[in-house]
Every structure is written in structure tokens, then in C-alpha cells.
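A, B, C and D label the chains in the order they appear, each numbered from 1.
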């Protein structure tokens, strides 16, 4: 069983960064925005401030559309790049293919999402090239018309800037628009130590889903367009999709606070640092096998089944046995404290210590991928 | 010129009830919901509480979907009732036809919105019957498949319960689903003195857009389904439209507070009372002609052009000359104080007094309807 | 009752030009095309020949897509011009709004069809200007994105070249694409004595539904694009809509014969001449009131109810009482002979003669328009 | 190079059964249907006759919709079974996923086509079960809502009745509608020796794409519905998709002739017999390796490259090197004569004889599947 233990304390919850609340600064900004009166539908000063701030963050003029979910951001962004008769190329593990109930198909009016393999959650350039070639032939196949890159990846990794550039160049050469699903954009940025501009439009991204809810806001994400032609239609598409609320200032106030005084980068840095600390701590624990490279605010490792069982019984919450048997995922959040991480480490150490957890994890029940992690 | 004077005080803003903030209780609930951790995507206790409260409010089990705008609520509700090859019948003035950039067409996958005339913003039953008959013939016409009623109407009126029942019965007899656009549901309820059940499912409504942002919340409205078949598909449609945010509790907390201790009815009652007070006050002012019956939280009246000009120069904001020349609309909100209303009355009295505003309003520039009121 | 009397002879059928078969030359070409083998999906020599012929007919390079119905031609053509979030402006009587079960909405992915009034089935330029202005305001309204002109009109009239140019210029100035529904293109051409180029792209038409089935083919109409950007997406849209049959040569062979040796112009000229002869003959019959101007291959006139009754009892078939009480429509076809026309005239003369048909037609049952003529 | 040699004689063309014309009986019926007059839009006696004949063929009442291509038939059929938010499960090789430019996505309004593996072009029941389970979880995944089976398969095989029943039962148990893509329905029927009823509704099929163009007609295929709920919406969907031509009798006349006097079964039997004869003949030729089981009207075999080259130079046309290097496909048609088959055999025998074609075929250039066979 790998369900969340909902009654336990937040400090023991390492399920996902979407289980926590918002930063205090965001809540204060929302309360402040409620005072007085303000023009509706995004003609307010808060929305204007967000546009200005994002212009500074990305070092250029950008078009910004605030929406209420990452799924909406992805669907709208893709609809401005992919035509109904074109396909969208993305990684096998991508959220848009597995976890959004066909939002891409809905918003685009019937594009086909075509998956491309690649190790470690990243699209393999050769596989991308094959996918591009395969559909380019004639009118019978859906011609690839957009590439969607998840940065960070669904398993917490991050493409290097060079990797993004390579994929974007391939896409551009074939006339595809480039979308980035940045549900954890800030965490990836923090991991790479890159600038927002470098990790987006300078690397070839046309339209970005700028995720913020996992990293400090409540119910607001942004579509950021670096391509005026996409922006032009996004204005209408956003309205038509019910993503332009009358009191849009309440979305804008969240992002305004999020982007002020580097809150967003501090939050992401903090979550990532927690993961590094956890990873470092795990290295010294016998019987724990770390998996993969360091990954933003996630740690993957193999734990012996009794350890998993004991942790759950102590009130910890995390996903396990979704990737391979015995492998668990811990997601850290800006909401965690260092003490939360240390407590988790102590618990794992204690559970792992007494008697060796020698037994092998059970055989996989089924070789197929599981898509029931709810990030 | 009829633009909003954005720099003026909220107390002088009578443009629309969407220009104000949220109730203090709602803001507090949102802040409180941010503490700790909570399962994502609507599996949280706040969402459960809203469902329970709405069950009590409507005196039966209901299915509830919290969304981020009234446009999303309408589009989703209609998509669960109208088929792509069917038409949606609604009033000429309806928001879904005029102000949502084709959300109904988008969410349904290509239904046709067909307008029906009727005095005072209400669908005329005979005209409805003709519209139903017209499309029922054969495969070449789009067969009417849903009726959408705005309660309150776009011009602030309210159908009587009997009027709703008559239209619903006509619709049901022809196999149409019945949608109610309740962007000002609470104001209409307060105006009629009816129960929520009487004004919705007991009168034949299948799916209700339960508007709350104009009356006290920030960015959350609800689709309430009284028809299980519609509910079943709404769950998927809501997700797919990006209207199931990860931190859904922040939407739910808004409605939870809104529905607690009668806040929603108090707010609507207060806004409506302001309008009554304003209307009563205007009766005694020479040169002011009231238009129409009392209308929830709106007052329409004809003012002489110099009076309009003088009020605007004093910092008042309101729409005028959109319906007929010389006619202004004042919308009152729960955010107004009685003093705000009295100040407005005093200003109108003063402006109207000194010299008779004898001049005729100018001829209409164009006979066509205007749809630039942004409610 | 105005149903067709299906058992009667074709020579007495004046219901619509879609009730007749195909020209002998077309049937022969189809049979000839069946011999041997041919590449599928439009890579055949017949399709190439049609493209070449249409290039000659329109005096320029054109892109051609052969489809199986006028509804498909209109839907596809519009989908290449109107965006899902834009509206399509057309005449109140237009086939695309009244008779295609929402094909425009389906093919475009949710555009809104907005009707514009105008006398005699023609869009009024002032009304068009108002419609263009109305939607141009902001993101809440659907912005007009295409104009659709029916040439000939639904009631058999024909815009002059100057009228088409005026409407197109208005459309172009506002950024709208221009579509022409040419279900009776050949009849209109014959009526005007214009060249195909003059009546289409030289007058501002971007994409044309080139109807042929009413005028001599079986099941093939064409979308002709004069705008390369539209053509590019049409190729994919046509395939995706199932309008690229494997044995496309059978569509192409029909058009090849239709366009050969002026068959299409001869057929249309013949049908129009029948209507002129009928009209001229009716002038001399007491009690018959001609309605409107001469109209391609249609004649409208008021007949006394007993005359209508008597004609029907003699086996004539035609629509009546659809426009106003007592008014009948006779549609002539290339399939009719002059003798058929003369026989009809003789019958009307005889029925009208004996006793004066003095009684007034009954009052209209309902003021609303009827859309049950099946052209 | 594997392009068709278009200039060669039909008797040497073994590319696909869609490269040939129609049966003489079909052409005669079309010519006969052109005489006289007939009600438009499917209210004609030819359409009625087809409905009656298909009722006899399938031993029950059926609803029939005649369309102009197999792609249209598939798209419309699927749209009546799969909801926009549901997925369609089909084989990896299926035409609907690979060769219809997203018709399924277009007609359904954004369903996702999910492929399932299985040997020999047939869906593996265990893989189907996994696919059904995978999407059944929650609102984040697209829930499987239809199963599409190609009978015959894309590589010319045929499911046994038992195999169809097993897949259908799995689908039904999970609430999925069952579609059969019967582009080569008659060939499969002939191969199995089953009755049409056994191979369709008795085996669980809800809606059938009844292909006829590959087996004797010109431009008409049929959607046959065994499920009244699907039929009800199909009527509107067909019209709206432009698949109800005014002169529908010309489609109906094709099917009427096709179904008369067993023409359709004779044609399929003849094509299949040609393939058997070819297969039997190939067995005795040294160096030729047959691949797979006997397959309707297709034969797969490995030929040495010089043999392929020589055959092409002699004017034969066929696809090769699309499945694996050195493998060719011969498709036989009712249009072929026995002499055509024998001539092909003689040519292969001659080419294979002189010097042994010992060299190995080249390594595959790429492991990915090719979808450029145009059936």
C-alpha cells in the first residue's frame, strides 16, 4: 500500500510538493489585494506588476497569462503552438500525456500526443529525430508541430542548458514550436544555477508553463509567451477557456509576491537544499541505495520493505513501489524545515539499523509504467 | 465616455460587483487552509466540507465542481448538457452568448448558441417554444439540446419561480437539459425570498453555475449538478479543462467560508438592500427617472447628461449610455456601506438641483445592442 | 402540405436542382476512370487534370480539394479561414447557419456563426460594418475572423461583382478571410456573365466552395483555395475529415468531365434559360404575381391556393408557402427540357383560367423564418 | 526504392486493392441511378434498399450511414462510442492511429488513441487488459472508452471469431464500446467462412466500418450501427461532417449493386483465391520464404534483392522493405485474373532461378515501424 497517511503531520509528509500551503508573503499579498476596488479581468495594477516583474526576470518583453492550474497552462500553451492536425512530441513520462486527462487534446482541438523515449525522463535526441522524420512524410500521418519539454523532468531531473538547446534546435529545424512544462521551473533553475532567460527563450523555448503552485503560491500558474504570434491567440483562448477570472487580481497578487524579493528562488533553493541534505544523510546509512543523480527537490532510493513499513507506521508519507519494487521517492518542499529532514534521516537510520533488511524486494507485479503519482 | 475612473475611492465605484474584494471571512479561511498539509486535487477535507454544506443548502445530494471563473462554470455545465451537434437556447442578452468569447462553443465542442428574445432580459415562453420547434425538424438543423437561463438576468432582474418552472417544463418536454447561469444566484435568491432548492432543481434546473465571486469570494465559482449523468462526465471534463488545481483546497476554503453562518446570504441581502435604498432615494429627486422594476443589486435610471458629467467629475464610476442614451446603471455591492449609498444620493440630488437639466439626451449613435459592460 | 410527390415524373419536379441525376458525360467519365489502375489518395492523373483545368478556368494557380458534399466544402473552407475563437459573419439565410447541422462549428472547432441581415438574401454592407465593429472590441467577444458570402444567394439571387468587392474590401480591411459558398457558382456566373476569376479571387474571395453536384456531377464538390496559407492546412484538414477517399479518381473524373468542353457552363446556362422562359411565360398569366428579380434557375411567384392544389394533384412538385403564404418556388435544372417548362406553363395557365382564384392566401401561421427547404 | 511504377499495366500491380476500379455492376447501377429524379439527402429508394439489404446480410435491423471514405467511417463510428475525455484502444499497427491524420481525434473532439501491442497485427488480450486497467484509476488519466479492432488486420490477417469475442468481452466488462474497422470486412469474412452477423454484432461489435471500396465500389463505405444509442447521434454527426451528400443515391446505388447477387462475397472470394494461388505457387520456388500464415488477399514473403529489382524492372508494382528488409507484400484484387497471378509466379520463378540469390538482405536502417504503406 502506498497511500498517503493524511492524518500525520506536515513535517512527515514527503509525498509531493503540492500537498503544502502557500508562503506567508503570498497570503499577505492576497489579503492586501482584497482591499478597495480594482478593474476586473486583468486590467488591474497587480496583473500589470506581474507582467513587469516577469519582464525583468526574463530580461525581455514577455506576454503573460495567469491561469488556475498547471494543466491549464500546459493545455493553453500547447494550443498556441500545435495545430489540430499536428502532433505534439514529448517524453514517455510527461505529465501532458499521462496525468492531464487529455487537456492537450482538448485545448488544441484534437492534436495527437506522441511520446518519445529517453533515459532518466529526458527525451533522447536521436529518438526525437526519428519521431520528427516519421510524421513528416505525407498527409496521412499527423505532422509533428510542437515539442514539449518538462523542465524539471517528471522524475525530478533537469535537462542541462545544452540539452535543451539541442532538442530545441532539432524542433526548430523541422518547424516545430517549443513548449516547456515548467511545473518545477524554479527548482530546475536552482539546480542548474542558470538564469531564467538562459533556461527558456535563449535555449529556444517559445511558450513556457511557469509553474508556481508547487513552490509557494496557491492557485495561480502562468503561461509566458516569447512568441508574439502565440500571444495573439492566447488572449482569446485564455478567455474562452474560462481562465480569465473577473477578479484576476487575486491570481496576480500571488505571483507578485512570489516574484518579489526573490521569494520564488529562495523557496526553490530551500526545497532543493533539503533534498541534498537528505541525500547526503542517506549515503551513510547501511542498506539504503541511492538511485540516480541528485534531483532538484526529490530523492529516490531503495529501502528494504520493513523499513518502508516502519516509516509509514511512524506517520511518514511518501510514494513507493511506483517506479521499481522497493524504490521510494521523497519530495522536499520549502515548507519543510531542516529539522523535518533530520528527523526523517534519524528514522530511516533507526529502522535500518537493528536487523539487516536482507530480504529481496518482491518481483514487480507488472512491467508497465504506473501513472498514479499525483504531482 | 463611460470608462471607469480607476483612481477614485471604492465607495464611489458603482460599476460592477466584480470590482470589489472578498469578505474578510473568506480571506481568513484561505490563510487558515494554507497551514499544514492536505491531499491534492480535491481529495481534501475543505472540498468535502463544501460538498456537505451545499448538500444542506440545496436539501439533497449534489455533485460539486469548484472552478476558477463563471465562464468556466458555464462552459463546463453546458458541455454536460448540450451535445456538439445540438444547440443551446438562451436569452439574447445572455453572458454565454455575448461575453465569454465562445466558451460554450469551446467546451461543448461546437454547439451553436441560439438566442431567444424576451422583454426585460427574460426568455419569452412563446419565443422559446418557437425556437424549440424550429430546430426539431430534421438532421439539417441543429436540434436544441439545452436551455440556459440567467438567474438573475443580465440586467439585474430575476425570474419568478413560476417563470423558471414554465421554461424548464417546456425544455424538459422537448428533451432539453436545463442550465442556470447563477452568476448572481444569491442576489436573485434574496430578491425572491425563495430557497436555493426552489430556485434550482425543484424548478427543473439540471446543472447550476453557482456564482460566488461577485458576492464575497476571490476566484472560485461552482458547478453544481443535480443530474448524475451530467456529473459523471463533468469530473473528467473539469480535469481536462485545467479546472482541478493541485491545491484545490484554496478554492474550497473560499466557498466553505462563504457558505458558513449565512455569509453568502448576508452579503447578497446587503447589496440588494443598498440598491433598494438607492432606488427609494432617487424617487424623490426631480429629473431622475427610474427605469424598470427593482432589480437585485442594480438600479437603472435616466439622468440628465450634465448630472452624469458632474458625478463622473466627482469621482463616481458607473456604466452609462450602454442601454439607451442618458440611462445609467448603479451596481451595489456587499462592500459598500450605507454611507456610500447616501453619499451618492446626496451627490445626485445636488447635481440635479441648481438648474434644470432640461436638455434632451443625445440621439442614440447606433441602434444595436452594446456588449461592453464587463460584469 | 408541401412535400415532394416522389412518384411523379422528373419533368414535373421543380423542387430543387439536387433531385436530378448527373450529366451523361460525367457518368461516362466515371466509368472510363474505373478501367486499369491508378495511384490512390489523389495522386492520380484525373486529380491532376482537374487541378490543371481549374487553373485555366480561374486564370491562375489554384489549390484544389475534392470533397463529397457542399457541406464538407463549406466546413473545410471556413476552417481554413476562421479561428476557433473567431466568428464567421454570414447572411441570415445562409446555408452554413441554417442547413448544415453545425458543420461550420464542427470543422472550425467552435467558431460562432453570426448572422447579418440584408434584403434579398444579400448581406447589407452597413449591417456588415456594424457586425465587424461589434466584435472587435476586446477579449470577451468573439472577434469576426471570416466572412462567408453565398453566390448565388439562398433565394436564387446573385450579388453583382461590385457588391462582392465591397463586402470583401470591408472584410479585408478588418482582417477577415473571405469565403464564398458557391453551391450554385455556375448559375450565378451565367446570370452575371462574368468570368470565374472576376467573381472569385479578383473580387477578394480567398477560399471558394465550388459546387458542382446541383449542376451536373454526382457526389463531388471542390474547395478551391486562392490563399496558400489556407491551402497548407487544408491538405491535412481534408484528410483528417475523411474527405480524401482512396479512390479519389472517381471524384476527379466527375469534375474533369464537368469542366470539359464547357459542360458546366452549358448546364448552368440551360437551367437559367429555363427559368427565364418560365418567368416570361408567367408574366402573361392572370392571377400570377412574380416575385423579385430574375434569379438564376429559380422563379418565385404568388399563386392562388387552388392553383397550387391543382398543380400538386397533377403531379408537379415544388416548395410553396415557405417564404410567405401563397408564394411558390420553381427550380429549373439542366435536366429539364424546354417542353417540361412549357408543360408547366400550360398547366398553370389552365388552372388559373376557369374561375378567378380570388380568395386571399391565409394569414401566415408564424412570423418566423422557415428553414425546411432542402437545397 | 519502393515506389509504385505507375505506368505499368494493372495486371502487374500488386500494391494495394485500392488501386483498382469498381465492378462493372457497380458502374452500371450508378448510371442507372442517375435517371429520373429522386429525393435528396438519403430519403431516396436506393438508400432504403441498401438498408434493407444490410438488414438481411446482418440478420437484424441495422442503422446505416453511407460515407465517402473509410477514414470518415472510422472517425464517425468512433465518435459515437468514445467520449472526448475517453481513450480509444487499438492495435499498434492500426490504420486509425497511423494513417488517418488524426481523424479519430477530430471526429471525437479530442479522444486519445492508445495503442496496444500484439503479435501478427492482433491485439493481445493480456496487453488489452493492462491497458484497460491502467486508465481506469482516476480523473487524471483518460479512461478507456472504446476498443477498435481491425478485421482483417493491417497486415492482412484475420481474427478468429473466438478472438473477437474475447476482446469484446473484455471491453464490455469495462464499459467500452466496440468498433470494428472492416476496411477488408469481406475478405476477412471469406477467409473465416463466417457469417456477417457472427463476425460483427454476435461477436460483440457495436459499430462497424463496413468497407467496400477496396472490394468493388468507387467512393462509398458504410457505418453500420448495431447500437441504437450510437445511431441516434450518428445521424447528426454524419450530416455535420459533410457526409450526407445531396445526391446520396449515388452512394447508395454503389452499395446496392455491391450487395446484390453476392457480388461482394464473390469479389472477396476471388481476391483471396488469387492470394492462395500465389502463396501455393511460391512454396515451390527456391529462395522464396513465405512469411506468416495465409492472409486474405495478401501474401508476404522474403525475396532476394536481385529478384525484387528484376520484378520492378519488369513493371511489377508492390511494396517491399517496409516490414523487414527483403520482405515484399503482394496484394491481390478481384480485378486481377488468374493469368495475372500465374504471370507473376512465372516471373518470380524465372528471376529466382538462374543464379542463387544468396546474399543476405541489408541490415534494417532503423528499428522503428514504417507507416508509409498507403492502403
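In this text, a contact is a pair of C-beta atoms (placed from the backbone, for glycine too) under 8 Å apart; a residue touches a chain by one contact, two chains touch by 3 or more.
Remember, predicted model here, so these are calculated numbers, not experimental data.
Of the two chain pairs examined here, B-D and B-C, it is B-C that is joined by more C-beta pairs in contact. Over half of the residue-numbered contact pairs at A-D are shared with one candidate from B-C, A-B or C-D, namely B-C. The distance from the centre of chain C to the centre of chain D, each centre being the mean of the chain's C-alpha atoms, comes to 35 Å.
Taking each chain's centre as the mean of its C-alpha atoms, chain B lies 53 Å from chain D.
Centre-to-centre spacing of chain B and chain C amounts to 43 Å, using the average Cα coordinate of each chain. Among all residues of chain B, those that touch two or more other chains are 41, 84-85, 100-102, 106, 109-110, 139-140, 142, 236, 239-240, 244, 374. The residues of chain D lying in touch with chain B in their complex are 41, 83-86, 109-110, 139-140, 142-143, 233, 235-240, 244. By the touch rule above, chain D contacts chain A in their complex via residues 84-85, 87, 98-102, 105-106, 108-113, 130, 134, 137-142, 366, 368, 371-372, 374.
Across the complex, chain C meets chain D through its residues 4, 6, 9-10, 13, 16, 18-22, 27, 30-31, 33-41, 67-76, 100-103, 106-107, 213-214, 218-219, 236, 239-247, 250-251, 335, 374-375.
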